[in-house]
Amino acid sequence: MDLPTLLSAHDLECARGERTLFTGLGFGLEAGRLLLVQGGNGQGKTSLLRLLTGLATPAAGEVRWRGEPIRRARERYHREMAYVGHANGIKEEFTPLENLRLEAGLAGRALDEAAAAQTLSGLGLARCLDLPARVLSFGQRRRVALAALLTAGALLWILDEPLTGLDVHGVALVEELLRDHLAAGGMVVMTTHQPLTLDGVQVQKIRVGDWAPAARR
Amino acid sequence: MDLPTLLSAHDLECARGERTLFTGLGFGLEAGRLLLVQGGNGQGKTSLLRLLTGLATPAAGEVRWRGEPIRRARERYHREMAYVGHANGIKEEFTPLENLRLEAGLAGRALDEAAAAQTLSGLGLARCLDLPARVLSFGQRRRVALAALLTAGALLWILDEPLTGLDVHGVALVEELLRDHLAAGGMVVMTTHQPLTLDGVQVQKIRVGDWAPAARR
Amino acid sequence: MSINWYKYASPATFYGLAGRLIPGFAWAAAVLAAAGLYIAFFLAPTDFQQGEAYRVIFIHVPAAWMGMFIYLVMAFWSAVGLAFNTRLSFMMARALAPTGAMFTFVSLWTGALWGKPMWGAWWVWDARLTSTLILLFLYVGIMALWAAIDDPRRGDRAGALLTIVGAINVPIIYFSVKWWNTLHQGASVKPSGTSMDEVMLAGMLVMAVAAWFYSIAVAFARVRRIILERERHTDWVNAQLERA
Amino acid sequence: MLRFAAPLETREEDASSSSLRFLLTVIRRDLLLAARRRGDWLTAQFFFVMVVSLFPLGVGPEPELLRRIAPGVVWVAATLASLLSLTRLFADDHRDGSLEQMLLSPEPAVLLTLGKAAAHWLIYGIPLLIVAPVLGIQFALPWDAVGVLVLSLALGTPILSLLGAVGAALTLGLRGGGVLLTLLILPLYVPALIFGAGAVDGVISGTGAEAHLSLLGAFFVLSLILTPWVSAAALKVSLE
Amino acid sequence: MLRFAAPLETREEDASSSSLRFLLTVIRRDLLLAARRRGDWLTAQFFFVMVVSLFPLGVGPEPELLRRIAPGVVWVAATLASLLSLTRLFADDHRDGSLEQMLLSPEPAVLLTLGKAAAHWLIYGIPLLIVAPVLGIQFALPWDAVGVLVLSLALGTPILSLLGAVGAALTLGLRGGGVLLTLLILPLYVPALIFGAGAVDGVISGTGAEAHLSLLGAFFVLSLILTPWVSAAALKVSLE
Amino acid sequence: MMEWASWSDFWAMGGYGLYVWGSYAVTFLVILAEVALLRQHGRQAVLKLKRMKQWEEQ
């Protein structure tokens, strides 16, 4: 099966302050594949993901979606992409359900309330449906962010350490979600420091930071 | 060897909003021991740790340090205890070293600058010594918080998921630190969702959340 | 003293007690208000200086008194609550605030309506007027703080601290405003407690007592609701709900 | 257990209707947030009343003097009230990451900033219009002056929200953003302030308010057209 | 690699000297933070200057009128300037967790709040004192009145910082913190405002400033003694 | 009727009718509003508590 390469990066260079985190980074990702961005703390994983989302602009090189630079195809790209960063992106004064409703509204999607409530319950938040996110625990807030990801129904997921703060059941759940998403032809770019068990999934790996060895700064 | 029980909790009850997270929780912890607080997301681990630090007050029961309720022995207790929560407690505009210096100042300790710089380097922050914490990566900021813990030289460590955001080397490092601390007679109360390899350490476990089964709310 | 105060300080007991007392206070307030109004409009003579306009006094003065008095009571309950950690005291403070603010507003409103014919202006920056306005701001501030905090324990304590700081400040504010006003030559007419006709005084006092009973009745009703909400996981509230 | 059902195909939709829906969602979201903070609406009004009431305390109680400074005082207070709330226009959303999420929406960012400014005006501008008459009476303004005061505020407060959004976007994420914001935006507020207070003054002194009001209106239209683009650009720069 | 070396024994130390050291560290920390946010110090002054300068724009240019309202305007502007910065007194430390760390220090919390209020005064109060004479001259105040203006601000601005700390602690982490803080604190500021502006007025009108200044001093002492305790209590309540 | 010659006299209040009756009317309305709100909130609270109890029993 020869799927088309949907997301590709060409010769990316990222500079933060006076440091060049990586140069000449490139890859291509096909539908149904997962790209695992690897590297120790501070090697530039988050910086790379933000370049891929279009929130930050590379010092050199470009990111393409369906062959077009994302700068130009912004609208379409953002319709098909969803991002979960280190910050959860949920409003503390809203309940989980309200948060999902708002995200859907902003993306111009209709939200099926019952389905959303079920998604939240499926993520272990059944007892928190009517609590403002402010009082939720660290892991519960992360789960709300993941629920928002699910209801977005995007083709490409960009996930920055989605497992932080999740307990073992949570991790297993996320693994299942990833498998389902990939099986349905979705794509994932993600980072994590925890071991992932994703049997039957084609994982592509890329390592950042090797590009800029300690000596060169 | 029969060491005295330094930290003990008696019949603790914790209520958040209208929910009772746990009741009748009690334990005793001797010097050189580690207490692992277990439980899934939202079961009340963080809430328990905050009760133990004295930042929150239990709805019933009390926490004792060296036999005295911490309400009364507050000063002494806080001199011998250090806490790392979900938030790192570092100032974003200071460099890691300045952060350590300030924490030491607030605790009334003199800080050996060279030693502090070495601690930071030992935690893999050698290249970030002169960067404001704002630009550090997620994991690097967590490491600064851990460095502050180390320089505090406290007897009792209370750690809320110290491993979040750390890469594999970071996790190994923390495990080593824990072993050293316990071997030197220190005490640790901590939570984590990741597996810990602490050979040769006596680990005491407590599970929160079982105390308040789903049915009773 | 053999009265078991702690028993009455328990919300469960107080809930029942307040429920039994409310009708009494409410009826007393209604009857006294009717009597006061009768005195106000049919017995009290026309004022030789102000004509009939002075009849505003029968609500203006009781309202002004209640506005200030209720703040003091709130401060008292707040202090008790902080000192002895009694939940009921905080609830009392919460129950009183809206009524206090209401009376303060009434005294401002009636004063403004009185001022127009007497001074020719709806409002002057007189010491009494200004400090009443600031009192209203204090009430509003406390209620806004409560509204902003949804954890009841935190709300109770934060509100109590603010109430007490305000209570220490109210006299200071009052004297500062007075001092400020007298240094400039301000409004030439001031509300003055000139020797008053006895019937007038009687009417005012009757109205004041009515306002007092009204406040008690309303505060009790409000405190009952607060108790229900706070104690909803207890058995007695569940039993109460079965009946309601 | 969880079923994954991604509408992987992009839907083609009438672009302008989806833009409008986005705009309305942004506004509704902020209104909802404001509603969740019970009493905020009231609080904004009282803040305004309080700042205005401080002036007699500082300046002294003479009615004649107070009447003369009243238009200026009310307008300055309105400016400050709107500034104080503007500090948080984007900051909260930035901190919890939802601003990034909104920028990742397919709709252009200019709709986002326009929506945020509109919501700000609805929440913080409208209350000012409602309270202003009371303040006018406290300062013994004549009735027609009170009318013009309200009219000038109705035209002027949207300008404050729109311009303020630019400042809020520029200072996003900077330490001390609040104060810095003031520094950047207050000079831009000056024309609104002058025309607004001038209109009321015109009524009191009998020179008429039309000229001032129409200038204010022109300034409003100008900022409505221009500022959302500027704040959208500023927002992107601040998030880099 | 890393050597663990915990001074497991508690050290006995002279309590009062360690308290003093803690207080100074808190102050130094905030000063350092302010220094790190370059330009903040300047910005606070500019806000003050601008608010004051807006008045002639809103009120009109007559020198006689301006001179009469000058003390009030300067004092109201000082109040607002201090309020604006107070919103962040504890909020930043709360968000990043360092407030919790400071409360876990062995020293009592009252020293923390006292230190924070003192630092706030040093950072935001002192600049006002320096700029005030310039503003006084802009409004054509006589020299002796300018002197009293500075003196009254020197006595009054610490009150603003101290009382403001109470409000900042009470509203910590609440939505709408800034406006709410203002709502809570402005009524409490009234005496400072009246005595402060009154003192300057006293000089201008020839009735003398001593009475006002000594009342202001008394109010300062009172708040210095009482408010740190209240804010410490409020801080603990807010963090529960 | 000792003070008043007629009802219209009574309502006129010696020319101050607007002010006197304005005061009394607003006071009456405010008190009425307070009592009404109190009742409404009380009823709402009971309903809400019952609803929540039902949820919990489920």
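Every chain is named by a letter (A, B, C, D, E and F) in the order it is written, and numbering of its residues begins at 1.
Note that contacts are C-beta pairs under 8 Å (C-beta built on N, C-alpha and C of every residue); 3 or more make two chains touch, one makes a residue touch a chain.
Keep in mind the model is a prediction, meaning the values are calculated, not measured.
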Chains in contact with subunit B and also with subunit C, listed by label, are E
With chain centres set to the mean of the C-alpha atoms, which chain is at the far end from subunit D? B
Would you mind telling me which chain pair, C-E or C-D, is linked by more contacting C-beta pairs? C-E
What whole-number Å value describes the gap between the mean CA coordinates of subunit B and subunit E? 35
How many angstrom lie between the CA centroids of subunit E and subunit F, rounded to a whole number? 43
Subunit A touches at least 2 other chains through residues 86, 93, 132
Multi-partner residues in subunit C (2 or more other chains touched) are 137, 140-141, 144, 148, 151, 177, 180, 184, 232
Do you know which subunit E residues sit against two or more other chains? 36-37, 95, 175-176, 180, 183, 186-187, 190, 194, 201, 240
All pairs of touching chains, each written as two labels joined by a dash: A-B, A-D, B-C, B-E, C-D, C-E, C-F, D-E
In their shared complex, subunit E is touched by residues of subunit C numbered 82, 134, 137-138, 140-142, 144-145, 148-149, 151, 153-154, 157-158, 161-162, 164-166, 168-169, 172-173, 176-177, 179-180, 183-184
The residues of subunit A that touch subunit D in their complex are 53-57, 74-76, 78-83, 85-94, 98, 102-103, 105-108, 119, 122-123, 132, 148, 150, 153-155, 173, 176-177, 180-181, 184-186
Using the touch definition up top, name the residues of subunit E that touch subunit C in the complex. 166, 170-171, 174-176, 180, 183-184, 186-188, 190-191, 194-195, 198, 201-202, 207, 211, 215, 219, 222, 226-227, 230, 233-234, 237-238, 240
Across the complex, what residues on subunit B touch subunit C? 17-18
Would you mind writing out the residues of subunit C in touch with subunit B in their complex? 151, 232-233
